[in-house]
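One chain, subunit A, appears in both complexes that follow, with subunit B as partner in the first and subunit C in the second.
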Partner chain A sequence: MATEHAPTASEYIVHHLTFLTNKKQVGLVDWSVLHLDSLFFSIGLGLLAVFLMARLAARATSGVPGRFQAAVEIIVEMVADQAKGIVHSPKSREFVAPLALTVFVWIFLMNAMDLLPVDLLPLIGNAIGVHYLRVVPTADLNATLGMSSAVLLLCLYYSVKIKGLGHWIHELFTAPFGAHPLLWPVNFAMQMIEFLAKTVSHGMRLFGNMYAGELIFMLIALMGAAWAGTVGSGLLWIGGVIAGTLWAIFHILIITLQAFIFMMLTLVYVGQAHESH
Partner chain B sequence: MEQVVGFVALAAGLIIGLGAAGACIGIGIMGSRFLESSARQPELMNTLQTKMFLLVGLIDAAFIIGTGIALWYTTANPFIK
Partner chain C sequence: MNLNATLFAQLVVFFILAWFTMKFVWPPIMKALDERAKKIADGLSAADKAKSDLQLAEKKVVDELKKARESATELRAGAEKQGAQLIEEARQEAANIVTQARKAAEGEAAVAAQRAKEALREQVAVLAVAGAERILRKEINAQVHADLLANLKQELK
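Up next, the complex of A and B:
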């Protein structure tokens, strides 16, 4: 830590909120900056999920399934049921269901990083010379908006592929208010606003939940530390431990729910793009 | 400078408070409707529950995004250098 004296509360929080970047961020929008920690953890967890699933698929038995296989079967069945509920044509489901499974498992793993103690990985990082580390990739607006804009690009690609470019452009100008030429600009503006609102809210919802959750973990850690420092504290720091445990238990619901919601909305958006009228 | 920090603190409180009021009223109403309908038709309880959890996430979106922004204002205040 750069500062000799113990970090003040806001220094502690600001330190834990800065990313590991390859260069200083200059403007508000600076494309050359890479958040190395978000990239490392997201890619790492993605590869881990793919490796585990592939290894399991290779050794899947129709006999008595092992615990891990039973767990994966439950997840796959849940995703398949949700996909059947939303996307009705089996042909388009061939792509959408695996996408939903990937999104669910990947985001769940990234969210689950939030359950690790706040200072665990940053301290390990400090030991090997990495002074700034953000552990939860989904608490990084760039990551979540990146995912939601990827979903938007998928929607655009599949609407053109399924509906055909001409039909899709026609729909851009005639939905939702009808084909009267006077309404064309209104329709087009509505469609653009819809695309923008869907993508931004889709990404920011996940970011907001994870960012607020992570920050509350930090505040609890601060509270625990502050209480431990009080005169005659003795066992007061246990309050921080209890609060942290309670919030972690509640956060397990938030983690699963947000991954589920991101998956459902991906299903809905890409499923909509697949419907050809 | 103190004035700005004071106003930002007020703003953060308002953001979280108003967002929480709206989200909780919405979820409360939806929860009561869910309980009524699952009491009337228990066999639909599972599908309704999945839909309810999806809607809780959607209703919470604006509130949580507001809380995220308010927490960002309080920790790394963009209004002061």
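Up next, the complex of A and C:
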């Protein structure tokens, strides 16, 4: 970047917030566009996570575990315990618990991309001809809404599977207010709102946290980039180092917490799909 | 923010990864965990059993020791009793022997005394005769007075 002309702060931020796409997006919704960078990193990290765990699982010993195995076991047991407490059907848990594990590890890794220096991968990308690169897939609304939509589909699937299609449709019109025919539209509207709110808030929560975190890292990077040899810019640079350190440390908590929250909500929503009103 | 097909791609990836985890990650790890839990439980119960076994063995040892000590005491008491008895018997026998010896000695002494008495008696008779001779200044025919003397002897008994 420095070779051509130094970008202004807003150019820098906008550049960093631009996805690598297959074609230019027109309008708010454009189903022909793909965010190649989000997909690359999310698929890459997802594969990394599951293959690492699968490799470990293949060699898992019931004797004294190694450190990596012990670490994975801690996570697996945590997820298994949570799943057991929230989803009461053992048959459903066979799929839901591994899914929750995937969600937790995968989202954790995607969030952790935030801890890499904001310019590192974009600079490398620039060097090999990729001019736009966003490295945190969970700071992409499409990715988080994609995952929360998957959870919604799961909820619908288990609602029908556990309650039966008839009973579920019956419930859509009679819960939460009652079975009186006049209340049917109200009930149905409430149920639709509930599904929509669950899914959107589920995806938005993760997206919002990671997007805000990424943005703050960029602002802190701007503080560091202010260095111009003067005392004031020197203080800004030092402030950038301190703020970057503090925010990164705090972000360790956030990325773990958000991964955990997304996993827990996945379990809770699927658990709710099992319960009759 | 813009919505686009990334959403569906992410959705599909989500299910594929979850399926993969369910197929290849979850079961082996859970199996290892369950097996380890079972191993630990087995080990703990084995340790408990060994502990109770040890306690039993210790109790048995104590009992055996007690029994051995008791029998030793008994044996010693018996031996002491027997020894005392032996000593008592020996003492008895010794006393018997002494008594017998005393009796024999007394008997011998009595015989000796008798003999001495008789010898004395003989001599008393002779002396008496001699005395009488002296007194009578006359020889006494011993033959004639033999009966008399014999009578005298008899009386002196």
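Heads up, the rule we're going with is that the second predicted complex is superposed on the first by the 260 of 277 C-alpha atoms of A that agree within 3 Å, B and C clash if a C-alpha of one lies under 4 Å from a C-alpha of the other, contacts with A are read in each partner's own complex, and residues count from 1 in each chain.
Here, a contact is a pair of C-beta atoms (placed from the backbone, for glycine too) under 8 Å apart; a residue touches a chain by one contact, two chains touch by 3 or more.
Note that the structure is a prediction, hence the values are computed from the model and not measured.
> Kindly say whether there is room for both subunit B and subunit C on subunit A in the superposition, answering fit or clash.
Overlaying the two complexes on subunit A (C-alpha atoms) leaves subunit C and subunit B fitting together cleanly.
> Is A:Met264 in contact with subunit B, with subunit C, with both, or with neither (first, second, both, neither)?
A:Met264: touches subunit B, not subunit C.
> With both complexes superposed on chain A, which partner does A:Leu133 reach: first (subunit B), second (subunit C), both or neither?
In the superposition, A:Leu133 contacts neither subunit B nor subunit C.
> Which of the two partners, first being subunit B and second being subunit C, lies in contact with A:Ile255: first, second, both, or neither?
neither
> Which partner, subunit B or subunit C, is in contact with more residues of subunit A?
C
> Please work out whether A:Ser10 is in contact with subunit B alone, subunit C alone, both, or neither, and reply first, second, both or neither.
first
> Pick one for A:Gly146: touches subunit B only (first), subunit C only (second), both, or neither.
Touch partner of A:Gly146: subunit C, not subunit B.
> Regarding the shared-chain residue A:Gly208, is it in contact with subunit B (first), subunit C (second), both, or neither?
First partner only, subunit B.
> Have a look at where A:Leu34 lands relative to subunit B and subunit C in the superposition and call it first, second, both or neither.
In the superposition, A:Leu34 contacts subunit C only.
> After superposing the two complexes on chain A, what is the shortest C-alpha distance between subunit B and subunit C, in Å?
8
> Using the superposition described at the top, list the residues of subunit A that contact subunit B and also contact subunit C.
Touching subunit B in the first complex and subunit C in the second, residues 207 of subunit A appear in both lists.
> Spell out the residues on subunit A that touch subunit B in their complex, using ranges where they run on.
10, 13-14, 17, 82, 201, 204-205, 207-209, 211-212, 215, 257-258, 260-261, 264
> Tell me, which parts of subunit C touch subunit A in their complex?
Against subunit A, subunit C makes touches at 1-11, 13-15, 17-18, 20-22, 24-36, 39.
> Enumerate the contact residues on subunit B facing subunit A in the complex.
50, 53-54, 56-58, 60-61, 64-69, 71-72, 75-76
> Help me check something: in the complex, which residues belonging to subunit A touch subunit C?
21, 25, 27-35, 38-39, 42-43, 46-47, 49-50, 53-54, 56-58, 60-63, 65, 69, 72-73, 76-77, 80, 94-95, 97-99, 101-103, 106, 137, 140-143, 145-147, 149-150, 153, 207
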